[in-house]
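Two complexes follow with chain A in common, the first pairing it with chain B and the second with chain C.
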Partner chain A sequence: MTRRLTALKTVLWLLAGVLGLLTVVRFLRGLGATTALTDTAPWGFWIAFDVMSGVALAAGGFVVAATVYIFGRERYRAFARPAILTAFLGYAAVAVGLLYDLGLPWHILNPVAHPQHHSVLFEVAMCVMLYLTVLFLEFSPVILEHPRLQRPLLVRIHHALKKVTIPLVIAGIVLSTLHQSSLGSLFLIAPYRLHPLWYSPYIWVLFFTSAVALGLAMVISESFFSAWLFGHKPRRELLANLGRAASFVLLLYVALRLGDLAARGQLARALEPTGHAALFWLELGVSALLPALLLQLPRVRSASGGLFGSAALIVFGMIGYRFDVCIVAFARPEDMPYFPSWMEIAVSVGIVAAAMIVFVFFVEHLRVYPPERLPSDPCAERAGTVNSRLSTLDAPPGPETVRPLLVGPAAAPRRYSLALVLGASLAVALLPATALFGEQVQRTPVAAPRMLDVLRLPASGRPAALVLPGDLELRTAGLGPRPALLAASRPERRGSVAEGDPGLPGGHTQGEPVRALLLDADRDGRTVLFAHDAHVERAGGETSCGRCHHQNLPFDRASSCGSCHADMFLVSDTFRHQRHVERLGGNASCTGCHDGAEGAKTRAKARACDDCHRDMVVADSVVAPRAGGLDGHAVGYMDAVHGLCVSCHEREVAARPGELPDTLADCGTCHGREDPGRLRRQGPYLPHSARRAQGLSTLDPRPSTRGPRAAPGPYRVGARPAE
Partner chain B sequence: MTAAKAILNDTTRCTGCEKCVSACKRENGLAKDLPRRWKLRIDDLSSTRFTTIQRREDGRPVRRMCLHCLEPACVSACIVGALQKRPDGPVIYDGDRCMGCRYCMMACPFGIPRYEWEQPVPYVRKCILCYHRLDQGKLPACVEACPEKATIFGDRDQLLAEAERRIRDQPARYRNTVFGRDEVGGTSVLYVSDLDLGFLSWKPDLEAQALPDLTWAALGKVPTIVLTMGGLMTGAWWLIGRRNKLAAEAAAAKEQETAAPAVKPKTGEKS
Partner chain C sequence: MQAWLEWARGPAFVFSFVFLLLGLLRHVALTAWEVAHVWRRAGDKKLPLGKLLRTTFLWLLPLTRLRNRFWFGLTSFVFHIAILVVPVFLAGHVALWARGLGLSWPAVPNAVADVLTLVAVVTAVLLLAQRVFSRATRSLSRFQDYALLPLIAVPFATGFLMMHPGSNPFDYQATFFVHVMSANLIFVLTPLTKLSHMVLMPSTQLVAELAWHWPVDSGSAVGRALGKEGDPV
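Moving on, here comes the complex of A and B:
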């Protein structure tokens, strides 16, 4: 028996060690680094377990106190002390757990300084604070009866406390009723988030009823556990009575729960084949239906296993009820589910472990349990009364009976210290990087960029060609007017291109060595040649890095070239090859444009348009020709329209202040007003004078004549809205 | 008393240029948006982004911000009164009082309050309707920045009338509803739109009932529960105690009668 105790205490100290280390991490690194909480899951494991379930698990205190002191069931008096101690430690654990969860725990007494009595949480906080005090006063006689504390003042306090036992008990019952139910009322404010199977205007009744049942179940399971731990005999027949009482409370709870659903017209929702309905029945079955039915059977009730098993079902099920309300059935976005981090769970477990250490300490040094006696002892019922403060410590299972695992005079402290340190070390080993270094910015993995030495072939007056080693998969499609990428096909030339390589195309024997950057820009594992210098230049120099390099968005696979080059697919080809063939003399004319008779007749190996079409650019065109000259591609629609319209708008607004509205050059002048959020389909461009002449407003866009939204289509220059 | 002010957002005018966002960030000194565990989308509301342009499925922009409810759930939930509703509209926040319980975040039907999860000393962050600018007689920064007048500021009554006028004048352009007139008891940020704005809240089709009333329905019963429970318990204790005492006395008397030299039974066990 004592071995069990030693082993348990060692494990408890180990868990306390984990807690100790996590405490440091939690307060140094903050909630984001230690928990899995998010803005859409602001309450997580700590609230659901430490606070919601913790308070409910400690309900045994007021239930037993009412049974013994108010309803005069003296037979159950032996349960009073452990139940009150459990409740006191439970509430203390709630308060400690709350310190971890609160963002600013040093403000925990602010509700007293700045009360806001419209908040349910305020009521809960006040009740918990007061009830913690009441529980302390209820339990303090047990401390004060210790032989070493028999000083005159303390004895007087002891007597005074005993006189107010009944008022204290009544206050405790009232406070418990209030906050056990108010824990449910907390969710009344969220009718749009809590699932209708759980949301009820009378959720506080359900919370209170379930807390009473849970309190009884806790007394049962705790009695069995401490009997196992300290080697007592559990008072099975009394516990069976408690179990029977619990089953009636549970049946009431089930009736209330289902009746409430029916009254709200939500019963059909519970029968739909949804995940929430399944969860509802699972929770109701485990927490109430199954144990209530089991405890109705005398055969189950009278067997230790049956009684303990049913009580355990209630405990787990009712904790589940609170988790459902607080987390599972509480709406949050599907892409941001909440699952607690191991640190959250370990902190909660550690707090329970610490409370159990204190519990065991009290049991070892105070008369929490009545002294050992035979089950048939006639004074059994009276043995644990508050009055009998004599003959304490007759046979406390003290540490002296523990067989030391570590030798020496202070074996027990050494063992527990070792466990504590081991626990802390274990926690260090398990800490994630976020806890050590703080919460990090999320990253998306990409293939590392590569730098390659390549040769630029001199080619007069035309885009240069690059020769690349053959081990690279290159995306050339859609690159448009770029230098030709000539992947070397022969494997022996992989990885290096030497100057004077005889295998270079076009008969060239030397080129200019340059460094090329290959990027996995689409994050698909394939690289493209990336002109970094050109991007820096175009994007605005050295301060422009952020325009591209902020795009490490989590889960954002589309963070690619296309997120800047939004109009790259709108480029339209103005070159009509067939017409050129016909006019220039059929098949004989290929080499008139294309580079030599050998090799592919690609656009890249053709003359630029303005080699022939010298007059192609209008003399004072407002559209600036792209760098590199005309190459057969029209500028993208967006570039063209922005270049044409916006620059002119800006110029005109600046030139004629007052006459034209300031907003003429704003985005919305063209975007959005008629066709929300989209580019407006503009009619053919008309100068202001022409618009005026046709009786069109020069400022307000024409009213949209389109009916409901048309399907999105390609934007066409010159498409007139259907009249 | 100052007239209740409000903001009217017209989503059909918004072009999604995000000038409101950058003005808000500048005005409130907000840090750069970084992708974090709790911020999967960079344009989501966060402790560094009080207002944002949310793109709908077809790319149309809708501005999200605190709606500054007339009867705010967050204010009624706040245990220490760190969140307050000013008579002129803004729902403001006092970090010195906040204890970080995050009940406001649970309570808000629109999911507005955000937390500084990355900070060891975290505060709740949300739009405060630039109340410091209102005190100086200026417009909220976002309203001032909007180039399209898609978001305008004024007396709530007048804005409601303006919203109705727009709907009346261009019935084809708008849905026939002003979002925020009645939702959860009315809000100080109104919307007119051609879109169903149900996505702004956790559930579409908010009812007109103010959320604090739901809480108060239960919270108002506290005195009753105290008196009932206290009275019941005291009565039960007195009655049962007396019955037990009488029973014990009767039993003792009976015992004395039947067996004359009986040992006097112990009483006074109860206290």
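Moving on, here comes the complex of A and C:
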């Protein structure tokens, strides 16, 4: 018995440790880092479990209070105190759980500060708030009984509270009836998002009936559980009566639910072979049909296993009902599915564990159960605890004196604090990187370009325009935006405007078929057409690859940009350390690259790549190799390509003024399909003409107006990342 | 091996290090709570505070104890210097601290770190030898007294091999893995074994002193707690 209790409390403290750590993370890093909630799934596990199920699970309080105090069934008085304590802790858990779920937790006071009396949620909030107070007042006589609290003022409060028991109980029943049903009414606002098998204009009746049955089931399961835990006998006959009552309530609930579906003509949906119909029957079966029928059988009712099993079915089934209404049967955008993160589940479980710790504490220190059922003598236990704990403190302890003191009830605080610490440490180790270090930059892998047939429009004094087949097109600067629907990829229609096509930009009717690269490295649908062949021609023919392909993979003549600049925005590491270790001969080879046998072997203290790979750098490239040798870092694809193309275009404009248009180095030359205004707004660069007037390069970022994060860092070829 | 190494340096390290910090914090909190508890119930509340502070500081200065067991005290002192300096002030570790905490401090020269690493391994062996070959110490020793010394030597030995890869007969990454995991194991064991003296040591004099201030007749309560009620003292 004691061992059971100790084991359970250890596990509870472990879960509380997880909760403690996650609390820090939740309030430091916010909802985004801890939950799977999004703007399209703004509520999830916490609302479904902590609030919807939590309130319903605590329904035992008002059901038993009504039975004992209103209907005068004195036999059930023994259940009143634990049921009211369970309800109080349950509602406290609801309030605490809400603090986690609200993005701005102090807004929990808004229903009071800014009352919206038309809102159902306002009613729920006020009822829960008031009922929590009522439950506290209902339970406080149990606290005030404690021998240490027999002060004159407290005794007077105690007596006053006892006098108002009946009004308190009535208030509790009224408030419970109101908000248990209103939790269902909340969904009246979303008739088209809740599946018809769950939506009903009378959903509040269903919520209330199911809460009453669930309250009875909670009293039964809680009695069996605490009897098992504290080692006393459950009052099986009384519990069987409660089970019988629960069964009638459940039958009523089933009749209401099916009758409502039939009356609204939706019953046929339950017989269709759909996932929702299967879920409906599974939920109704587990939560109501099966336990109601089982509890009608005297044989099941009189057996502990049958009674407890049926009650457990009701509890799990009714939690399932709340989850179905809240999450599963609630329509969400198809491409935005919601599944809770482990941290959401762990927080909810941790709150329940914390509530259970408080429950056990109250049972151990107050008269929650009738006196003959006290688990053990707390005074004797406490004396032993203190003294033996004292002697463990002496350091250094001898071998034989320590071990016996660390087992048994004497080591309670040590044991439970260790469980707490262990839980918190495990939670830290399981945290995702976003929760530990804040929002991380997502990697954007670069996709290879595609080779396309396009039309090149004749141009005099201007860069030639390339036109894409289909609805894509690219225009160089100076040509107005105009859609061109061509099928240039079909050989028979190459080079001419098809009949019915609106025509080529600039009034052209003929184009020269050429090949071009379609660049969309981050696959965002915004493309650039790159006339590769024309650039080869301009750069000097077949031997000129190295002008742009400034570094190549071994034995390669023109490695594609993305083979090293493998991420759209982030620096990529092109160096394979382990491969070098294997090829160069293991440990003995370290000093081959790292200078000296001494010291930390970092990249900064290693030889440059081109010390050995001399062919890697192309001699006459327009991209200058990094001063001090290559270190294996490749800047983001965007920076690399901008650095190469824009700086070369700038040089060309400067070298041949008048011959080439001044706008050749502007964004629109390549990003012709983009709205120039948008490019200016988005891009880190100022318009080329403005930059030239100031004698700056196009690649210099625009001055920041919103602090350092507004403008990305300077874009230069070979920029070295901070290590 | 790469993946195992990432795991050891990632989640396994985070778990061990947080467990170390929280576990030591737990020891401090429990001690403070228990000391306060005893102090509240103390029969005689006159604590010789000046003497307590003096003995605490003297106890922390091991040189004062050299009179007692000279060689053991000296080895232990040198051992502690070595195992405290190297993990915190080795250049490679300083880089890791800077990456993880954003805090940086000067590092000891690598040659000094090399010497201290070897000193740590050698003194660990010497301490173990003195424990094994002395009958009095042997009779007082528990399993952890023997096991912790070689365990502490492991990260130092592997760290030395990592710093001198040319003379390392084992695979570099395997050495790295053993280095990290043995350190992780030490972190986890610290709050659970006598290694927690790293935070509890300063409180020993106070705790020992408080035992003299127990209320009258506490001895029988201790006997009860130990289950040795009525046994002759």
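Assume the second predicted complex is superposed on the first by the 401 of 723 C-alpha atoms of A that agree within 3 Å, B and C clash if a C-alpha of one lies under 4 Å from a C-alpha of the other, contacts with A are read in each partner's own complex, and residues count from 1 in each chain.
Note that in this section contacts are C-beta pairs under 8 Å (C-beta built on N, C-alpha and C of every residue); 3 or more make two chains touch, one makes a residue touch a chain.
This one's a predicted model, so the numbers in the text were calculated from it and none came from an experiment.
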Which superposed partner A:Trp204 touches (first chain B, second chain C, both, neither): first
First, second, both or neither for A:Val428, with chain B first and chain C second: second
First (chain B), second (chain C), both or neither touched by A:Ser417: second
Partner, of chain C and chain B, that touches more residues belonging to chain A: B
Chain B versus chain C as contact partner of A:His159, first or second or both or neither: neither
Touched partner set for A:Thr591, first chain B, second chain C, both or neither: second
Touching both chain C and chain B, counted on chain A across the two superposed complexes: 386-387
Partner chain C, residues of chain A touching it in the complex: 383-384, 386-391, 393-396, 398-399, 401, 404-405, 410, 413-414, 417-418, 420-422, 424-426, 428-431, 436, 578, 581, 586-588, 590-591, 597-602
Contact footprint of chain B on chain A as seen in their complex: 27-33, 36-40, 42-43, 66, 69-72, 74, 101-105, 107-108, 110-111, 113-116, 118-123, 125, 162, 165-166, 169-170, 173-174, 177-178, 181-182, 185-193, 201, 204, 330-331, 335-336, 382, 385-387, 434, 438-439, 441-442, 552-555, 663, 666-668, 671-673, 676-678, 709, 712
Complex interface listing, chain B residues touching chain A: 11-17, 34-40, 42, 45-46, 55-56, 58-61, 73, 76-82, 97-103, 105-107, 109, 111, 113-115, 117-123, 147-148, 150, 194, 201-203, 206, 211-212, 214-219, 222, 225-226, 229-230, 233-234, 236-237, 240-241, 243-244, 269-271
Complex interface listing, chain C residues touching chain A: 2, 11-12, 14-16, 18-19, 22-23, 25-26, 29-31, 33-35, 37-38, 41, 91-92, 95, 110-111, 140-142, 163-166, 168, 171-173, 191, 194, 197, 200-201, 203-204, 207-208, 211, 214, 218, 221-222, 224-227
